[in-house]
Amino acid sequence: MSTSDSFVRDCASIREKSPLVHCITNYVAMSINANALLAIGASPLMSFCPEEMEEIVRISSALVVNIGCLDRHEIEGMEIAAATAHFLNKPWVLDPVGAGASNIRTQTALSLIRDSHPTVIRGNASEILCLAGEQITSRGVDSSALSSDAVEGAKALALSSGAIVSVSGPVDYITDGTNVLTIANGHPLMSRITAMGCTASVITGAFIAAGGDTLHAARNAMALMGIAGERAAALCSGTGSMEMHFIDELSTFNPSDYAASIKE
Amino acid sequence: MSTSDSFVRDCASIREKSPLVHCITNYVAMSINANALLAIGASPLMSFCPEEMEEIVRISSALVVNIGCLDRHEIEGMEIAAATAHFLNKPWVLDPVGAGASNIRTQTALSLIRDSHPTVIRGNASEILCLAGEQITSRGVDSSALSSDAVEGAKALALSSGAIVSVSGPVDYITDGTNVLTIANGHPLMSRITAMGCTASVITGAFIAAGGDTLHAARNAMALMGIAGERAAALCSGTGSMEMHFIDELSTFNPSDYAASIKE
Amino acid sequence: MSTSDSFVRDCASIREKSPLVHCITNYVAMSINANALLAIGASPLMSFCPEEMEEIVRISSALVVNIGCLDRHEIEGMEIAAATAHFLNKPWVLDPVGAGASNIRTQTALSLIRDSHPTVIRGNASEILCLAGEQITSRGVDSSALSSDAVEGAKALALSSGAIVSVSGPVDYITDGTNVLTIANGHPLMSRITAMGCTASVITGAFIAAGGDTLHAARNAMALMGIAGERAAALCSGTGSMEMHFIDELSTFNPSDYAASIKE
């Protein structure tokens, strides 16, 4: 199936099925993540309460775990949710925000990978290199490495973890360890809006929930992010209006029109 | 008093008194809830710290408890705040987000109702039916039932709890168990912006704080929500700009003009 | 150095160095605070997890502690972060949100001042008067006092704490206890957007991280806030679009142009 056909089919499937995407995400990202999922036709549910994790995972189509704002209590919720998703064979996305910036972030991400086998690991180059075992110098939660530098690390991480690895950057690389797909859409201003990486992760969650092949679904999610970002950047007067136009794009885009703009 | 006069009087009272509305709300909703309250002329205070709940409830005109992002620690804050509001005879609103989606949500909502007697319970049809004891199939935090299906459940819940029950949907139903008021304003796009239900709850908090009859105040709050939503939908290019226009409407609306648009 | 030159130099320094500003801020403010920092060219990191506080403070250029949404666990994170910043001689800003509204808020702010010596204390008049030991009647988290009433209290607090004290209001006063600088920019609508005070604090964090003299850096931060607010107010149709224009302004402003608009 062509990239274009695959993209159009996944977008239609999300709008038709409205998958329930359970997000354990950070406080900075919660609002834009929920709005992005609603915009594309999915249904968000934000919860991290350990006592309800099993029930919530059971009614959801996919889970997204984002370690952006860690907290002992929230880590407990993440572990239960990820283990339940793995046990129930529900697809789940790990966003290892800031892995490498602190020991607890790196260890939490690594133990979630080891114990609960994420379907997709989606991060920036610094985070992916850190999880692949490379020594990098972290600069907080933004990437200090180029996505192209992380391709070999991403392949190694995919092979060792069994997950699809999706590295965002000027070019996004999505790999199962053997095949590497690329998306060259996007705009530099996207990195000046908070939680855009987190948004890429929940959109990836919606795409893998919609069925279809995971590698291509993860690729299609990054295509949607990148093209919506390009169009929002063309319309905006700064990063405030860019965020608004970005959500407008997600809520109104024509899948065939977008498919024609995909740059691989 | 006519609906129109009652609406105009309540809006003027909020702008004049600027009631302090204490919100224990979920993380997704905090920012839009605070901005909505500021927009209409009320004064928001977001706090869930058990150690300060009594002091904060004492200086507030109304309390809103939203169980959207549960957490053991936050439940403790909710219980103290609701009990204090009940003890001090301060009006308070319960928003039972996701009741029916997990046991802890249902039980937390039911115990808050039983122990601390909310002044208003405001939710969607699924949540209200769940609290009224109906067996429903929850689909996360969005409603899988129509508001019209929940009218009898809402009346039963109002009678058993002593609260005004406000059910949002294409038509909103507001009842004290005997009388049923309706608001037919609103726009389908409102359900594609996160935390609009939570926003209806904090606006309800401001209206019941402004004095006047609770049943009509709860009705007037839903009228304001619905008309602001209609006007924002007419101006927007997607759900991102709709949210912006919605807050713009709340911060600039002319009460008499809006009153003329109320559909009962 | 003239005010204008000092302002232009600090803005250029932030854009060049992109200082990492570690924010322990409240949930209402997280998203706008992160976006404001990204807009001006700084790099935000939001974290309050006690287990990573030392590591995060070590890689950061400045710390901002905002007590807006207290929680036992978060207070622990605040104490470790502030103590680490003090020990490492990193500049840090305390925003004592709601000091005076509850005992735990006042005590948390006072103990952070006593134990970890903030570089800047930035609050509204009610908060500053409370910390200076004046008896005031708090009205939640919004100020019930005028900033001009707080000048003597601010000077006293600066002398007793060793911090620069920055009081926001129609006129902002920034003092080291002896010298008092003023900024008369801003717009009344700013007080109807949530978390604008918190945003002033994180921007102050970026300015003191950029080097230069702390008293003047704190003043320049308030000048940027005020002018961006004035320009956003001139462009907006309500408080929703005002927030968007405000971030647009921060992400696109010309420092020399803004410098010419500073009102002292």
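For reference, chains read A, B and C in written order, and residue numbers begin at 1 within each chain.
Note that in this section a residue touches a chain if its C-beta (ideal position, glycine included) is under 8 Å from a C-beta of that chain, and two chains touch if they have at least 3 such contacts.
Please read all numbers here as calculations on a predicted model, not as lab measurements.
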Spell out the chains that contact chain A while also contacting chain C.
B
Copies chain B and chain A - interface residue numbers shared by over half, same or different:
different
If you average the CA atoms of chain A and of chain B, how many Å lie between those two points?
32
Residues of chain C that touch two or more other chains sit at 27, 31, 73, 243-244
In the complex, chain C residues that touch chain B:
26-29, 31-32, 68-73, 98, 101-105, 138-142, 192-195, 236-241, 243-244
For the complex, give me every residue of chain C touching chain A.
20, 27, 30-31, 34-35, 38-39, 43-49, 51-52, 55-56, 59-60, 73, 243-252
